[in-house]
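Two complexes are shown next, each including subunit A; its partner changes from subunit B in the first to subunit C in the second.
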Partner chain A sequence: MHYDFDVIERSVGYLFREGMTFTLTLTALAMVGGIFFGTLLAMMRLSRFQWLSIPAGAYVNLMRSVPLVMVIFWFFFLMPYIGAWVTGSKELVRVGAWTSAVVTFTMFEAAYYCEIMRAGIQSIPRGQVWSGYALGLNYWQTMGKIVLPQAFRNMLPVLLTQTIILFQDTSLVYVISATDFFGAAAKVANRDYRLVEMYTFAAVVYFIMSYGLSTLVKQMQDRIAIIR
Partner chain B sequence: MISIKNISKWYGSFQVLTDCSTEVAKGEVVVVCGPSGSGKSTLIKCVNALEPFQKGSITVDGVSVGDPKTDLPKLRSRIGMVFQNFELFPHMTVTENLMLAQVKVLGRSADEARQRGLKLLDRVGLIAHKDKYPGQLSGGQQQRVAIARALSMDPIAMLFDEPTSALDPEMINEVLDVMVDLAKEGMTMMVVTHEMGFARKVAHRVIFMDAGKIVEDAKKDDFFGTPRSERAQLFLSKILHH
Partner chain C sequence: MHYNWHWQVLLEAEPGGTGTYLQYLLVGLSWTLLTAAAAWVIALSVGALVGTLRTTQMKWVVRLGNLYVEIFRNVPLIVQMFLWFFVVPELLPAAIGDWIKQMAPPWAMFWPAVLCLGIFTSVRVAEQVRAGIGSLPRGQRMAAIATGLTSAQAYRFVILPQAFRIILPPLTSETMNIVKNSSVAYTIGLLELAGRAKAMQEFSFRVFEAFTMATVIYLLTNLVVVLLMRLLEKKVRVPGLIAASGPVQAGH
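Take a look at the complex of A and B:
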């Protein structure tokens, strides 16, 4: 067997400029969107109004019970129909792999971030909510100024851990032919027939980034434990 | 000022309050006492609708608490409340704690709110701690900040829910001193407490509750002199002589 590790050096610019940019942008957008919608879902799930809590619970359970790769496929093929329905147009709305990926990951991750934020909100003592209300703050002010900032701070390590999982999961956009870091590596691997080298290199990069991030999270967790 | 009429409340099938009625006049200090689980905290939380009630009516300054049309945040902003566990906001400094509701609810400018807050903080003797976080203060100090925070809203009445129960003994007096001063200034107060010394010193009336019922509602001197109910006599003899 001959290994040609020069292929990495030749393609590393392309891998990071194209692939890693896609991966990191998708991770960042899905994280921000996922936490935003996840927090809203968590507030709905904890609502005393059943017309809010039941749909939110159903959505979260559905998303958490189907494989991500299936949701990616399903959404990619369904988006044109949904787009046409929303805009009321007769023709299918063409949606690129990028848009489809951002929407899918945001919606899918929202279900997981929801459960984290729900635990975070429930970790705040009832008295904090009472004292907000007693001062005359309304629901949104009490949530926005008192409950969510504390819930977010308490859950930050868990939210980041979920984001590391999201970072790895973005490689699944491979199935809709989007060129993320893994997809770029796969393309080069197939073009130059250097499968072992490229996949090993991709694995090492994913490992270093994920492991590095989780070490940071661990340190942060220790620091938060001291503050609390 | 505060009028409680025939309040009953259930948690599921368990009745926590049974037909409770009383009045607190303007400038009056009413102490609510009784064994734990007797419903005192629940009753006082009904006054600003932190706890809903199923039967009866409560009005504060003529506004019905139970009426769904009532602007609850507005009503609550006019009633100060102090909790057993202080409930300062741990992610904000003392000054930010004092300013938040003034700005958000009363619409005061940040400068105005800061000035008002710091003036009250000075009054409870904690101006030196204005930039600290609640976690850096002792329990007694936190509770004094909580009182200042409630006062910063210029309330027409104050509710105290066991304000000294979570404190170490040596910190109880610093909090009670602030409360005594408030009472002497003529603040309308409803105080759930076991501090009978405080009741003797400043209360006008004492309400004794047991098993969700108001068993005794008497002038202070009558209550401590000759409590009519056997249950109140027993309670007093237990907490006064040990």
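Take a look at the complex of A and C:
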């Protein structure tokens, strides 16, 4: 067996320009959307109204019990129906792998971010909420100005660790043939029949990025640890 | 929009001629369970070993353990799956590599999938074991050594029996994870539950019947795992210890 590492040099532009851009944009969008919806879900789960807490709990537990591969398939095939329902059209709406991936990862990660934010909100002493109300703030003001800023700060390292996992998990869009970094590597690998070189290279790149990010998170964790 | 459900498809014959689609999916479930169970054996034994070694005083062993954990934690599961399936047989001596590649179909995908999932999960088990040992009061180890136990005996009779009970709740979620993660083995061609649901969709064009059925089976499997682990937790609980679920962790 002889190896041809030139294939990496030849395809590196394509891998990063097409693939890594896809991966990073998807990660960023799903992180922002996931944390937004996750925080809302966490507030719903902690609500004293059962009509809010029960559906939110059911959604989160459902998402966390189903394999990501199945969730990706579900959304990929459901999106045309959802699209038609939203736009009110009679025909199925064409939805590409990209849109489908963004929606899937946002909705899927929201369940995981929700559990993190729930723990974050619960870590804030009750007295903080009561003082907020005593000052005359309403629910949204208490949440937005007192509870959530502290919850975010407490949970920042875990939120970022979850984002690193999200970054790795986006590689599963392979199953709907999207061209993320791994998908691009797989395409080149099959076109040039250079499986060993391309998959090893992909693994090394993922390793360097994830390891680098998690080292940064660890450093930050030590720096922002709250002094009580 | 309207979707015409056609649940009878489950009782129709699948094109492979092995029976109905329902049977086809249930055989998929048995592959999922077999893969997860075999991988769990690797994950638990390697994870316990690596996790324990990382709490010892031996500097180089700790460093090697850390390296192992970092490598397999920072590469996505699907990439690891492809490495075990496509790359490892090429890197091994030709005779062994060929022997692996010529295994009869399900096994040629099954063993790489089991190794991959087992090692991927062992890293997470190792982290839990280390955290569990770290959460014990230092006095436990000191007292064990003071009573004349060797270091190995202290681990065997004092530290590990307590640590394993403490980490049982996170191990429950790892058990669920390994079942869920086994679906990634579909990408290397192992026809487990997710793979068969996808195949059923391609053969019968009944997308949502196939996926609903597979999803329900996954949910039921999860439920069984949780109930079994709860029984185990109840059985081995240390009286007086509050089984804390520990801090929230990132996961997938």
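In this text, the second predicted complex is superposed on the first by the 225 of 228 C-alpha atoms of A that agree within 3 Å, B and C clash if a C-alpha of one lies under 4 Å from a C-alpha of the other, contacts with A are read in each partner's own complex, and residues count from 1 in each chain.
Keep in mind that, in the parts below, a contact is a pair of C-beta atoms (placed from the backbone, for glycine too) under 8 Å apart; a residue touches a chain by one contact, two chains touch by 3 or more.
This is a predicted model, so every value here is computed, not measured.
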Task = Tell me which partner A:24 touches in the superposition: subunit B (first), subunit C (second), both or neither.
result = neither
Query = Touching A:134 in the superposition: subunit B (first), subunit C (second), both, neither?
reply = first
Message = Under the stated touch criterion, which partner chain does A:119 make contact with: subunit B (first), subunit C (second), both, or neither?
response = second
Partner chain(s) touched by A:145 [first = subunit B, second = subunit C, both, neither] = first
Inquiry  = Once chain A of both complexes is superposed, is A:168 in touch with subunit B (first), subunit C (second), both, or neither?
reply    = second
Ask   = In the superposed arrangement, does A:153 touch subunit B (first), subunit C (second), both or neither?
value = first
Request  = Mind telling me which of the two, subunit B or subunit C, contacts the most residues of subunit A?
outcome  = C
Key: subunit B and subunit C contact sites that coincide on subunit A, given as residue numbers   = none
Residue ranges of subunit A in contact with subunit B within the complex = 125, 127-128, 130-131, 133-138, 141, 145-146, 149-150, 153
Inquiry  = Help me check something: in the complex, which residues belonging to subunit C touch subunit A?
reply    = 1, 3, 70-71, 73-80, 82-83, 86-87, 90-91, 94, 176, 180-184, 186-187, 194, 197-198, 201, 207-208, 211, 214-215, 218-219, 222, 247-252
List of subunit B residues in touch with subunit A within their complex = 45, 48, 50, 72-74, 76-81, 83-85, 87-91, 100-101, 104-106, 146, 149-150, 153
Request  = Using the touch definition up top, name the residues of subunit A that touch subunit C in the complex.
outcome  = 1, 62, 65-70, 73-74, 77-78, 81, 84-85, 90, 92, 112, 115-116, 118-119, 155, 158, 161-162, 164-166, 168-169, 171-172, 174-175, 182, 186, 195-196, 199-200, 202-203, 206-207, 210-211, 214
